[in-house]
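Each of the two complexes below includes subunit A, the first together with subunit B, the second together with subunit C.
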Partner chain A sequence: MSRDSVFWWLPRGLLLGLFAFFVFGPLVNLVLWSVAEAWFWPNRLPSQYGFRFWERVFRPQGQAMESLWLSIWIASLTTLLCLAVSVPAAWALAKARLRWRAAILLLFLLPQAFPNLPVYINVARIFFTFDLNGTVAGVVLVHAAHGLVYSIWIATAAFAAVEEDVELAARNMGAGPLTAFRTVTLPLAAPGIAASAVFVFLESLDEFTASYFVGAPEVRTLPLLLFSAAAGGNMQIAAITALILLVPSVLFMLLVERFLRAEVLAKVGR
Partner chain B sequence: MGVSVEVEDLTVSYGATPVLHRVSVAVGAGEFVALLGPSGCGKTTLLRSIAGFVKPSGGVIRAGTRDITHAPPERRGAAMVFQSYALWPHMSVAKTIGYGLAIRGWDKARIAARVEEMLRLLRLEGLGARLPAQLSGGQRQRVALGRALAVDPEILLLDEPMSNLDARVREGVRHELRALQRDLGITAIHVTHDREEAMILADRIVILHEGRVAQHGSPEDLWARPASAYVADFLGATNRLPVRVRDGMAEGAEGEPPLRLDPGRAPPAGASTLHFRPEEARLLAPGEGIDGLVFHGTVALSAYPGGRWRAAIRVAGQEVLVDVPERVAQGAAVRLGIPAAAAHLFAATEPQQDRRAEVTPAH
Partner chain C sequence: MLPYLLVAPALFVVGAFFLVPLGFSVVGAFEGPAGPTLDNLGRAFGLYRTDLLFTLVIVAASTLLTGLGAIAIGGYLTLGRNRTAVRMLAAMYRWPLFIPFIVAAQAMRGFIGQNGLMNNTLIWIGLMPQEWAQSFLDWRGIVITFVWKQLPFATLLVAGAMAALDRSGIEAAQNLGAGRLRILLGIVLPQVARNVMVALVLSFVTMMSVLSVPLMISGQSPTMLTVAMAWRINSLGDYGTANALGLVSCVLTGLVAWIWLRQAAQERGGRGQGGGAT
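Right after this comes the complex of A and B.
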């Protein structure tokens, strides 16, 4: 069958179109909603376009911007906390015997095995006794517990990918254990660690369930704002919030793609 | 200037597996010693114990008068060139060579001057800004050597540094390395499985076998007087023939005169095995005598590897290789002569050799 034939390109074109629709359809809907000033049933398309809602969101006293900065602040703290734990832990784990390493890595995965909802409701109850509910610290803590899985797994792989001889060569040249770690091991593991940090940051930025039970209503992160806007029928604000949340995700995904080499990925979980 | 290195009764185990059994090696200041043996003989473990990368379970390591058995790697005064080179992928050549100096707190200008000197010495001029990935294998090897030499170490440890170079480059690097080590007066310990490399480079060779020292001595000494069948085999005496020893005499073929053995080196009476090198045996003319052992055989095959012919001779059911100046006809009956100096005899202790000795007609 020739490539010019209708039977060759039509099914392929249709399939590709369908695929594109699944990926980009929801996005297009979001963009439409964000610029729709009036969109009532049964209209297929908005009857009035404009940037009124964008203006409202980006207004200096607008809640959305405040939530955005709060979300970024929480995500940054979460990332720092995760790195502070995962870098030394992953370094130690990468050196540990393989059997122990596998067991400990599995342990970190365990919280993910349970359904989120009961876990977070319980966390909220426990946090209540410590006065952590509705505080940034509380939200950061639950986000970090969740993010540690990524950061430890990926950072362990990054450290395991650094050859032992390379570190020993630094010791051999007169560097103490800490200097060797700082000048050789850490720079070589840095791309993997940076990738893990990006994952943690994005997870925290998008996180809803834990934020809802531990943080709401005092701590209003962007996903919480999105939820209340959508639940309240304010589709425009919800759409714009979602689009804002999309920006760091796309940016960081591009970064990760550059950072995370195949050798590192191949060692994840080993 | 180099210092002496003494290893005494060193024992190392990996888990439950013993790797070195009470190994003792003494290296003089400024001496070049090669640790020679096949893979798994423990030579790299010995080197890494001296570097401080492996913890011994027993024994003592001394550098000069200092006991370094339990010193951390950074406090041993030993610089190592790794088999993999272990260069740092994120560091430029200049940074790599200057690393040890920066650790020692040298100021920038002095480091730069020293790095420049090392680059010149190792013919790496103009490559200071390159990363390891942008270098050829030979250049990487020289950077690894430069990093080790820059700190003016007392002891230089070389872990098969030439195994990743192609044969052509290797030849040149050997002579350079030897000249450098002599000029700088560093004590060098070199691990290799390459017999020729060890012979060319080293003042003294230590041959290891299954975690024990099989023999040590100068290259000439080892070549002429291997102490065991293992050493003889490793040093090229790969031909083996069964021989009987009686009253300090070794008997070759029937009807040929026996060889009186040097009393110091003679194996005990009974079945023993003769080891010799293909290039040290020769075919004898009819009636020609030799101060050595003579065997009767037939030519099984002749091949020409270049320069001389190499003949496979069948003697008493075994094949041995001999270098001959001219082609010999296949099937021809020949007399094979092994000069006394080239005949290395060892008691046939291995079971297979015992069995072989039993089937010989002389038994």
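Right after this comes the complex of A and C.
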């Protein structure tokens, strides 16, 4: 009997359907809440649909827009800071023969390998003495320490994937080391570096715990707004804020393979 | 000299904004009003023993379920015979990959509540009577949210390792008439065990430090250590006990990582010997 027969699709379809329900159910729930103007028990679905809450969120002077721009601003600054320190570091880690290379690479992984909350509360305590608590700069610095693992590891892999012959060719044609880097190595590594920048940007955009301890209540990023809306029982505003955060995450998930070439991926962490 | 100078700024960022505060957290755990003390640790264990156990059970259960799910999905993606079904599964499992925990928590909150979309759908299809509807907004909700969020990440690592395997072993076993489950458990899994462990250790650490999910899914006591720490800071300004709790969670994750490293080292040693024998 063929495995492609209708009979085999019964258990297969059932399992796939169940899995789809598990994966997409919560997301459908978010979408429903965002357009539900009235959803009370015992109604299984909203009894009234509309975009009233969307209008409220996207009102130009509304709190959500303010939080959205602030979050984007913080994520951009974090990305810039990470790239500024990572590009030189990654080049050195990929091309120069550093003695402590493995240990240095591992060091950048540490913020992902330890429970972060105890670190954040002490960052907040230290920042308090430097007046950095509740400032954009403070939040950017903490986000950057956490995002560096992506920018360093991926950018190092991207530089390592640039073959030495190409750089040597440029040098042989009379280019100085800096010119060779600027015109040959950097452009070739650029797609990988761009991918790492997206990782850092998303990590900062989505970050909750550090912002909660270091930024709140003065710096109100989108995740903090989502949290307070949810805590205040405002399901619609919370759902819409969650959807705004969801869109870039899902887009990146769908596109990440195009960003990161296999040659670069194979060298990550090496 | 130059290469080290190029690495220095990046090292400074990690040092100043991660390593130094981490050091503060360890020192702070032993800091009292009158010099070094063990009071903080005593208070942490005395007051939060249940929360500690609760955290361990939740994170261990979530890690286990994530591992089982990742092996099952990865196994089907590698050994599945129907290409349409494999493609459908591959397109579905990744969706939550980059979705932040706080969004996952908000999405789950409405989904698994007593009158949430999950119960409502099951009742509507007729799979469940109305009376059975119960709220999962407790420890089970935290586990469900953690698994939902971590499964894509673990599966990506595990399925990637499975796809990179040499297929000749699998084909040989298939020709000898071995079932797919036996091939998965006997041939595929032992070769990717290390990748499974990496995925699970990273998931374990991540879940240990999530604050938003326990805060939003289940407010009642007992709760997770992260919530206890946040409460100690925000409501009482008690850094000593909070840092002691932080130290406990760091030591716990350190232990897990150490067990993993030891096992990985043993395995590598064993494999080396095996290679020598043949």
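Keep this in mind: the second predicted complex is superposed on the first by the 252 of 270 C-alpha atoms of A that agree within 3 Å, B and C clash if a C-alpha of one lies under 4 Å from a C-alpha of the other, contacts with A are read in each partner's own complex, and residues count from 1 in each chain.
Note that a residue touches a chain if its C-beta (ideal position, glycine included) is under 8 Å from a C-beta of that chain, and two chains touch if they have at least 3 such contacts.
These numbers were taken from a predicted model, which means no experiment stands behind them.
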Joint occupancy of subunit A by subunit B and subunit C, clash or fit: fit
Which superposed partner A:I74 touches (first subunit B, second subunit C, both, neither): neither
Which of subunit B and subunit C A:A64 touches, first, second, both or neither: neither
More subunit A residues in contact [subunit B versus subunit C]: C
First, second, both or neither for A:F22, with subunit B first and subunit C second: second
Partner chain(s) touched by A:I237 [first = subunit B, second = subunit C, both, neither]: neither
Contacts of A:F252 with subunit B and subunit C, given as first, second, both or neither: second
Three-chain overlay, closest Cα atoms of subunit B and subunit C, distance in Å: 16
Of subunit C, residues touching subunit A in the complex: 2-4, 6-7, 9-14, 16-22, 24-25, 28, 81-82, 85, 88-89, 92-111, 115-118, 120-121, 123-124, 148, 202, 205-206, 208-212, 215-216, 226, 229-230, 233, 239, 242-243, 245-247, 249-250, 253, 257
Partner subunit C, residues of subunit A touching it in the complex: 3-4, 8, 12, 16, 19-30, 32-33, 41-42, 44-45, 81, 84-86, 88-89, 91-93, 96, 98, 104, 107-108, 110-126, 141-142, 144-146, 148, 152, 202, 206-209, 212-213, 223, 226-227, 230-231, 235, 238-239, 242, 245-246, 249-250, 252-253
Subunit A-facing residues of subunit B, complex: 51-53, 72-74, 78-80, 82, 84, 86-90, 99-100, 103-104, 147-148, 151
Residues of subunit A defined as touching subunit B within the complex: 163, 165-166, 168-177, 179, 183-184, 187-188
